[in-house]
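One chain, subunit A, links the two complexes that follow: it is found with subunit B in the first and with subunit C in the second.
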Partner chain A sequence: MTNTIEIDSVTRQFGRVRALDSVSFAVPEHSFVGLLGRNGAGKTTVMSIMAGQDRPTSGNVTVAGHDPFEHAPTLAQISYVRDNQRYPDDYRLHHVLRIAPNFAPNWSPEVAAELVEGFRIPARTPIKKLSRGQLSSVAIVLGLASRAPITLLDEPYLGLDVTARAFFHTVLLRDYEDHPRTVVFSTHLIEESASLFDRVVIMDKGRVVLDAASDEATETAWVMSGTTPAVTRLTGNAQVLSTSTVGGLMSATGFGALDSETRELAQELRVQIVRATLQQLVAAYGANDAASDRKEEVRSA
Partner chain B sequence: MSTLISSTKLHLNKREITFAVPLYITGLVAVVSVLISFLFWRAGSQPGSEGWISGSQSNPGILYSLAGFLVYLGVQSVATTFPFALSLGATRRGFAGGTVLWAVLVSAYLAFVFAVLTTIEIATDHWFAGFYVFDVYVLGAGDLSRLLPTVFLGTLSMLTIGGVFGAAWLRFGARGPQVIGVGVGLVLVLALIVLIPSAAEILGRFELWWLAVTAAVVIALSSAGMWSLLRSAIVR
Partner chain C sequence: MFTGEIPIYQQLADRVAEDILAGTYPEESSVPSTNEYAVFYQISPITAAKGVNLLVEQGVLYKKRGVGMFVAAGAREKLRVKRRAAFSERHIAPLVHEARLLRIYREELDDLINQEDSK
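After this line comes the complex of A and B, so read on.
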């Protein structure tokens, strides 16, 4: 399978802040990749670079075979609307719907109309006065109706109510099936979107800490729960990403295969071991510095 | 594949502020000019008299009132439109070129509108009442061969100056326009210090085409500056 996007050792420095630190990963063609991590992890920065809106301080980015920066044919294949997208002064919805087809060769007015109606986006209200959820809806209209071969969705759920999120999922999946495209999707609502992802890339502090197929990502990730001494004993030599303690109880999220001896000991010590969910894994990777000394960087091809 | 034309369409997408608001402002200034004329009339000045005509034609209000709006339009055409243009897939080169092309179109539009209004004003003997709004010295005193380049180059200068300030804001934040403003101010003061002893001689030799050349230089520098600043501007 060919890669539509290749990020190779990309570093982005803003003054003294290193927003991206030697980030590398690839996005296969027509895959659906979840870009996950805490606020400030570097998700928006890496998406900006993929979209040609920014340039790396060092490293290389290839999108559809080209460096996207200032390459019009590549940019025409990309749809990227920021979570905090700015619109021209006094813009209303009809301005957006009128101009977008000029830049998006595959623009679908039918999808746009369906989304506008489904999200109930007010037509007459200036965009700068829309609510957070309505702004996300406008971004989704741009992202999906453009039918761009490379669609970058940056926090599309922000402020959306549960009905709107379900509607978005329905249209997204249906249109993705009819018109396959490469999608990179950043979100904090991981439980709701986990089923969409073919791959996940988890970032923390500007670095990629996990890059794996979604079904493999949590395959060897686990959560142990029990008394603090028991969990501490069991996790002694394990790759622990984060721990949390409440009273005499401890929960530890970790990564790596557990041998049968450990599992038997866990039963003996009444420690429960369950497979970690993607959300638990992302939370564990993003755990605060207090636990970061126990974090292991895991990168896989 | 170029995004220049699409970027121009992006600017033209805001039809009211591009095409109608300059007319609203022009109309408002026309009304104010007429009211001022009424004031002079009531004070004893006679429409059609030499003093009336000379005083009315010396009123540059139409130019000043539009200049501020045009600089604002130039600023916002870059500052608030650039982030959206990038999201739509414009290149920086295409956006800068499209913005200049849009400014040229707006300038041509305003030059045409002013030419039409001036023609009507003269044909109606100044709105049937001796009111001078467009037939003023600053616009060529009814001479269309002076009015057209004046309005075109003046509008284009204002829009591109606004554009370079907007680009400086995108590139460097609030410091960008401040540095440009202070820098231009310093250059002008230094030029005055150098030229002031010869001011009388220079003014004596003054030719109108000097202004056209100055406007062309301002437009070229502003457009190049805008492109240069946008090349490295990022949206965050």
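After this line comes the complex of A and C, so read on.
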């Protein structure tokens, strides 16, 4: 499988803040990739670099074989809608729909019309007066009706109601058959979109902490729960991302294959081991860092 | 629609296999396309293809180029043999484990199975 997007050791520095710190990952052609992580992890920064709207301080980005920055043929293949997309003040929906095809050579008026109707986007209300969910709907109309080979969706679900979220997935998947595309989503609604991703990239504090096929990611991640001494004993040599204890009970979320010896011992010690869901895994990576920060603060205090 | 414990592609393959065993899709009939499965279960087309391909590799489904995916002749027998091999581990082991915890002994267990069977 060829890679549509390749991010190679990308660092992005904003003044003294390092938003991306040597980030590398690849997006295979026609895959759906979830870009996950806490607020401030660097998801939007890496997206705007993929979209050619920003440049890395160092490192390389290749989209469809080119550096996307100011490269018109590459940009024509990308549909990128920011989560805080701005529109001119007096714009209504029809203005947006009239202008969008100029930037999207594969624009489908049918897909746009179907989405506008399904999302119930009000036609007469100025865009700037739309609700958060309605704004997200407009962004999805632009993202999907563009039929761009590379579709980058930054937080497409913000404020979107449950019916609209399922409708968005249905239209995307149905349109994919005749117009396959590579899609990168960033989202916090992990539980709901997890089954849509075939790959996940988890970021934390400007770094990639996990880049794997979805199935592999959750197959190798686990949650152990039982009495604190038993779980502590079992997790002794394992890569533990986060733990929580209540009373004498402990649950630990970790990553890495567990050998049969550990599993047998778990049974003996009555510790339950289950596969972690993607949501648990992302939360654990986020918490992991928060915990180590706290430790550092304590030490320096 | 799928749960977290088993990989999604595996769950899709299991469900299609069950439908074939139950006769929903008779041998030599067509099954939904990979993309139809993706839309129906709202899963990535790559994941759906992985699930369907698992059954192709097992000789349960076969592709007719440009037409679609079909149930192979002998698919039900193949699935039966495979599921029989897993029956003990998947069903008997948890049953015995639970029965032991609840102190349900062999005779009562037999009665329960007979009751269920006569429903």
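In the analysis below, the second predicted complex is superposed on the first by the 287 of 301 C-alpha atoms of A that agree within 3 Å, B and C clash if a C-alpha of one lies under 4 Å from a C-alpha of the other, contacts with A are read in each partner's own complex, and residues count from 1 in each chain.
Here is the rule we go by: a residue touches a chain if its C-beta (ideal position, glycine included) is under 8 Å from a C-beta of that chain, and two chains touch if they have at least 3 such contacts.
Note that this is a predicted model, so its numbers are computed, not measured.
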When subunit B and subunit C are modelled together on subunit A, clash or fit: fit
Which superposed partner A:L142 touches (first subunit B, second subunit C, both, neither): first
Partner touching more residues of subunit A, whether subunit B or subunit C: B
Contacts of A:L130 with subunit B and subunit C, given as first, second, both or neither: neither
First, second, both or neither for A:A164, with subunit B first and subunit C second: neither
Which of subunit B and subunit C A:V27 touches, first, second, both or neither: neither
Partner chain in contact with A:I190 - subunit B first, subunit C second, else both or neither: neither
Which superposed partner A:H95 touches (first subunit B, second subunit C, both, neither): first
Touched partner set for A:I78, first subunit B, second subunit C, both or neither: first
First (subunit B), second (subunit C), both or neither touched by A:Y176: second
Shortest CA-CA distance in Å separating subunit B from subunit C in the superposed model: 25
On subunit A, positions contacted by subunit B and by subunit C: none
Complex interface listing, subunit A residues touching subunit B: 48, 51-55, 70-73, 75-76, 78-82, 85-91, 95, 98-100, 102-104, 142
Partner subunit C, residues of subunit A touching it in the complex: 30-32, 166, 169-170, 173-174, 176-177, 180, 195-198, 214-215, 218-219, 274-275, 277
Residues of subunit B touching subunit A in the complex: 1-3, 6, 9-10, 13-14, 17, 76, 80-81, 83-84, 86-94, 234-236
Contact set on subunit C toward subunit A in their complex: 2, 4-5, 7-9, 33, 35, 38-39, 41-47
